[in-house]
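The next block holds one structure in the form of structure tokens; read it before the comments.
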Amino acid sequence: MADTKRQAMVLGVCLALMVALPAIAAWTARPDFVTLGSQIAVLAIAAAGLDLLIGRTGLPSFGHAAWFGLGGYAVGIMAVHAGDGSLPGWVTQAWFAWPAAVLVAALAALVIGALCLRTGGVSFIMITLAFAQMFYFLFVALSAYGGDDGLGMRRRNAVPGIGPRDDVAFYYVCLVALVGVLFLLRRIARSRFGLVLDGIRQNERRMMAIGLAPYRYKLAAFVISAAIAGLAGALHVNLFRFASPDLLHWTMSGELMVMVVLGGIGTVVGPVFGAAAMVLLHNFLAQWTEHWMIVMGPILVGVVLLARAGIWGAIGGRR
Amino acid sequence: MLSIRGLQAAYGHSPVLFGIDLDVGAGEVVSLMGRNGMGKTTTIRCVMGLMRGRAGAITFHGRDLAGMPPHAIARLGIGLVPEGRLVFPTLTVRENLLATARPGAWTVARIHALFPRLAERAQQRAATLSGGEQQMLAIGRALMTNPRLLVLDEATEGLAPLIRAEIWACLAALKAEGQSILVVDKNLAALRHLADRMTIIEKGRTMWSGTPAELDAGPDLAQRFLGV
Amino acid sequence: MTKLLELRGLCKRFGGLVATDALDLVIAPGEIHALIGPNGAGKTTVIGQVAGELRPDAGSIHLAGADITRLSIPARVRAGLTRSFQVTSLLPQSSALENVAIVEQLRQGHSFRFWRDAGGDPARTGPARAMLERVGLAARADIPAEDLAHGEQRQLELAMALATQPRLLLLDEPMAGLGPTESAAMTALLAGLKGQVAMLLVEHDMDAVFALADRVTVLLHGRAIACDTPASIRANPAVRDAYLGEA
Amino acid sequence: MTLLLEQLLNGLQYGVMLFLMAAGLTLVFGIMGLINLAHGSLYMVGAYAAAWVQQRTGSFLAGLAAGLSAAAVLGMALEAAILRRLYGRDHLDQVLATFGIILFSNEAVAILFGRQPMMAGPPPWLAGAVEIVPGVPYPVYRLAIIVVGMAVAAGLYGLIAHTRIGMLVRAGATHREMVGALGVRIGLLFTAVFGLGALLAGLAGALTGPLLSVQVGMGERILITTFVVIVIGGLGSVRGALAGAMLVGMVDTLTRAFLPGALREVMAASDADALGAGLSSMAVFILMAAVLLWRPRGLFPAHG
């Protein structure tokens, strides 16, 4: 669907805000804004990728944290081994580490997706959730990589021309990655592949009756979506220089799903707003109470029952 | 007893009923006739509250059925034998009769007397019955709710002639007991003997209502609206 | 006679119901073959088995001499056998044009193309517009399928099936829910395809059946009780009985 | 050998627990088409209510009663207030709304009871151990759970197979609309079935208290394993839930008990323990993958 004029305007303003964020942070002497911005960008990447699966293909995966966490652990583990000399130092270069994280997530998703897509409907939700939890337990049990306590990373993956402690520069890296991913997803949405996914979501039986074997396309969407989550995970671990099993916890999967629906399902950019809303709400509520979930829960129920079009739909004047 | 006035209904964007008028009096057998796709089943679904009409009124014993949920309508005393039978396949024959029964004159024993085949198969799962037996079960199930009005939607379609005859005989017996019946069917020959009045609909509109004798007086009517 | 479609001894049971009972049926290339019978006679079950949605319990299905009994639905479509649905089945949010264009796209090969904008690609939309023209929907190309009138949706349904360029079209009640003028238009549309594509037509509208069919098979309890020209079928007392039960 | 017997009983006991959870979840899905993530919250509420009342009164039975009623009442209230609006909606909506309920109830419990685990021991009359065969002592309480679970399974079978409600539940699973059109107040039936499912979850929670610590998040841990049970057993099938629960209970318990030992035979002890722990926590998921490969719809797919 075409974006409304209002949506285009809001998008422009938001992009300008995000570009100017470090300046604003410096001016208001709130350097934490930069970290917050990076966090939003990283989660937005994962949520936008998930929307390819939920909103475009109609496959509600409840296990997306697995790919997010696998991508994160991939860079974390490579850094450990580069540190103790069992892997060459260049594996901590971003040009290698990040594509490697993407690849790890994609390959794992290829195997798990091939299994999950043998069923549909509610079973698909349960199975994706269960397999993600399997990876969670795996990393909890992997004491060599910190187990429950998680895994620290001494310095960020090296990006040419950027200092390892330069948070502002890293923020821009995340922002560029987000814009790149959104651009990619936009292209996919309008490509032949994207139109096939659209068709599968709307009426899979009909698509089969006109000659489509849907399995391969659903699997491809699953893998692409996981690969994007892998990139987001790698950036997330870089941002906080820390990987923990929490990255793969089922609540993470749930939160990514919430970001997609809150922002606007099937809209490419909507999930960015969903991610921003979640992160900001969390930070805002956390100032008042450590029990911020007690507010978040009812908000979620209300959004599901009352406001289906999400933030992006509301901006566009749809309900 | 049952009265439908100017009923209109649609599936999504496509209207199917444009103006249905129909009456069933106490103790009467009325047949609703018309070719396939003319709106008979949709009319029944509107009566049962399974679908909302867009306009028009449906009343039963003077009560407006608009907005009532299906179970409340059924409890006013309408017993549905749906198109396609829809017996509960995983339940036994006996359980099908008992699951939705309401107290009254009808008991499992009386149903068994009416349809001896169901007695033989009482402990069998309904999925294993033949089409004709499933039809008998669907009728028995509706009777077990002790309805004031029995509604049958295409109860003989696709059945073997012998089974069909058995079902017509059963409806005649029910009529003799004073049971009010609304029967949707295409079988003119059998309905001539059974029905007190007939209503013919075409393309979602009531085209004609009258007695079987009046239908015979205008032979082109049957040919025009019902002919193969 | 050459055989485009042949069913040999097809059987299908659902629990205690025999839906298809040792059915044999032959359709010649270009023939319009109507399958009629009362509700519950098993017509839709036959369509389901030929289209590949239901697996027969016994018997085989052959398309142009090749056994397709175990082929998947998409593979049957590629072999030239396409169905339309009794209850209209479209991509509701997509435009009429896109509903046909996606068929065109699938026919042209795999869709693992991620980058190029496909929405306005003339390789997709060109043939799709031509097809919409053919079924009389050209003026409605940009309307979402769910907003089309019921008759137009039926036309679009047919356009999607035709766009797969089938050798045999399975039409499951194409007139369902159409008004008299719409039925006539649809009948004319199908008549115009006569000779170009063979059809297995399930339909209750006897005017349409007798206007279109080369041969008619009457199904009762899953068995073919008659298979003949429309004229002979009309005169056949067993057929009258099957419909009206005048035993 | 004695260790094996003991672990088999442990597996049975865990399986019984999983069945209590899975039965309610699969019934609710079978008849109402609802996927309810908050089922785990009902389990947690049952556990907390039981532990808290037991601490206050010193009576295990009072605690059990409190756990059961808290879960059942909360379950029916949730159904009436929120969940019944979700029956016709797509599964994504159901997942998100019930996810919201989980977030809320976890925090609410954390506020009420704190984040420290609560402990509740078995009652004196179920404490200690008996020798099931000479030389093999086994905790009485775990045996009691097995007995209760078996009794519930039998009762549930009787309810579904032989009562009017059971008939309607089975009828509703295939032709829901028809049940209403024949005069059954389907809304009431749904609330009753939901209440029953909540009661079973509450029972599982209340019985768990004396075995494990009662803490926030306990519901989701068992919920996800319950999903595995349901996928293995076949969605909507109570028989499948029983089979799946036993299978998962056994596989999980036995691999945890024996896999590290077996691995020690072939590798260094510390590696074996680490790998064994990892693999055994993944075992039930690998089992699920195998079942999916073999039978995508589960061992006992429901009809329709």
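We just call them A, B, C and D in the order they show up, numbering each chain from 1.
By our rule, a contact is a pair of C-beta atoms (placed from the backbone, for glycine too) under 8 Å apart; a residue touches a chain by one contact, two chains touch by 3 or more.
These numbers were taken from a predicted model, which means no experiment stands behind them.
Asks: Kindly list the shared contact partners of chain B and chain C, in label order.
Replies: Touching chain B as well as chain C, we find no chain at all.
Asks: Along touching chains only, what is the step distance from chain C to chain D?
Replies: So the least number of steps between the two chains is 2.
Asks: If you tally contacts for every chain pair, which pair is highest?
Replies: A-D
Asks: Considering only mean CA positions as chain centres, point out the chain farthest from chain C.
Replies: Chain centre farthest from chain C's centre: D.
Asks: Rounded to a whole Å, what is the gap between the Cα centroids of chain A and chain B?
Replies: Taking the mean C-alpha position of each chain, the two centres sit 56 Å apart.
Asks: Can you compute the centre-to-centre distance for chain B and chain D, using the mean CA position of each chain? Integer Å is fine.
Replies: Those two chain centres are 45 Å apart.
Asks: If you average the CA atoms of chain A and of chain D, how far apart do the two points sit, in angstrom?
Replies: Result: the chain centres lie 31 Å from each other.
Asks: In chain C, what residues contact two or more other chains?
Replies: In chain C, no residue touches two or more other chains.
Asks: Using the touch definition from the top, which residues of chain D touch two or more other chains?
Replies: There are none in chain D.
Asks: Give the residues of chain B that touch two or more other chains, as numbers and ranges in rising order.
Replies: Residues 89, 127 of chain B touch two or more partner chains.
Asks: Could you tell me which shape the graph of touching chains takes: line, ring, star, complete or other?
Replies: Looks like a ring, each chain touching just two neighbours.
Asks: Dump the list of chain pairs that touch, please.
Replies: Touching chain pairs, listed by label, come out as A-C, A-D, B-C, B-D.
Asks: State the interface residues of chain D toward chain A in the complex, per the touch definition above.
Replies: 29, 35, 82, 85-86, 91-93, 95-97, 99-108, 110-111, 220, 224, 227-228, 230-231, 235, 274, 277-278, 281-282, 285-286, 288-289, 292-293, 296-298
Asks: State the interface residues of chain C toward chain B in the complex, per the touch definition above.
Replies: Touching chain B from chain C are residues 14-17, 37-41, 146-150, 153, 173, 175-177, 179-180, 204-206, 220-221, 234, 239-241, 243-247.
Asks: Taking the touch rule as given, give the residues of chain B at its contact with chain C in the complex, in rising order.
Replies: The contact residues of chain B facing chain C are 11-14, 16, 35-37, 83-84, 89, 125, 127-131, 133-134, 154, 156-161, 164-165, 186-190, 203, 228.
Asks: Chain A touches which residues of chain C in the complex?
Replies: 51, 72-75, 77-78, 82-83, 85, 89-94, 98, 101-103, 105-107, 111-119, 121, 124, 160-161, 163-164
Asks: Quick one: in the complex, what on chain D touches chain B?
Replies: 164, 167-168, 170-171, 173-175, 177-186, 303-304
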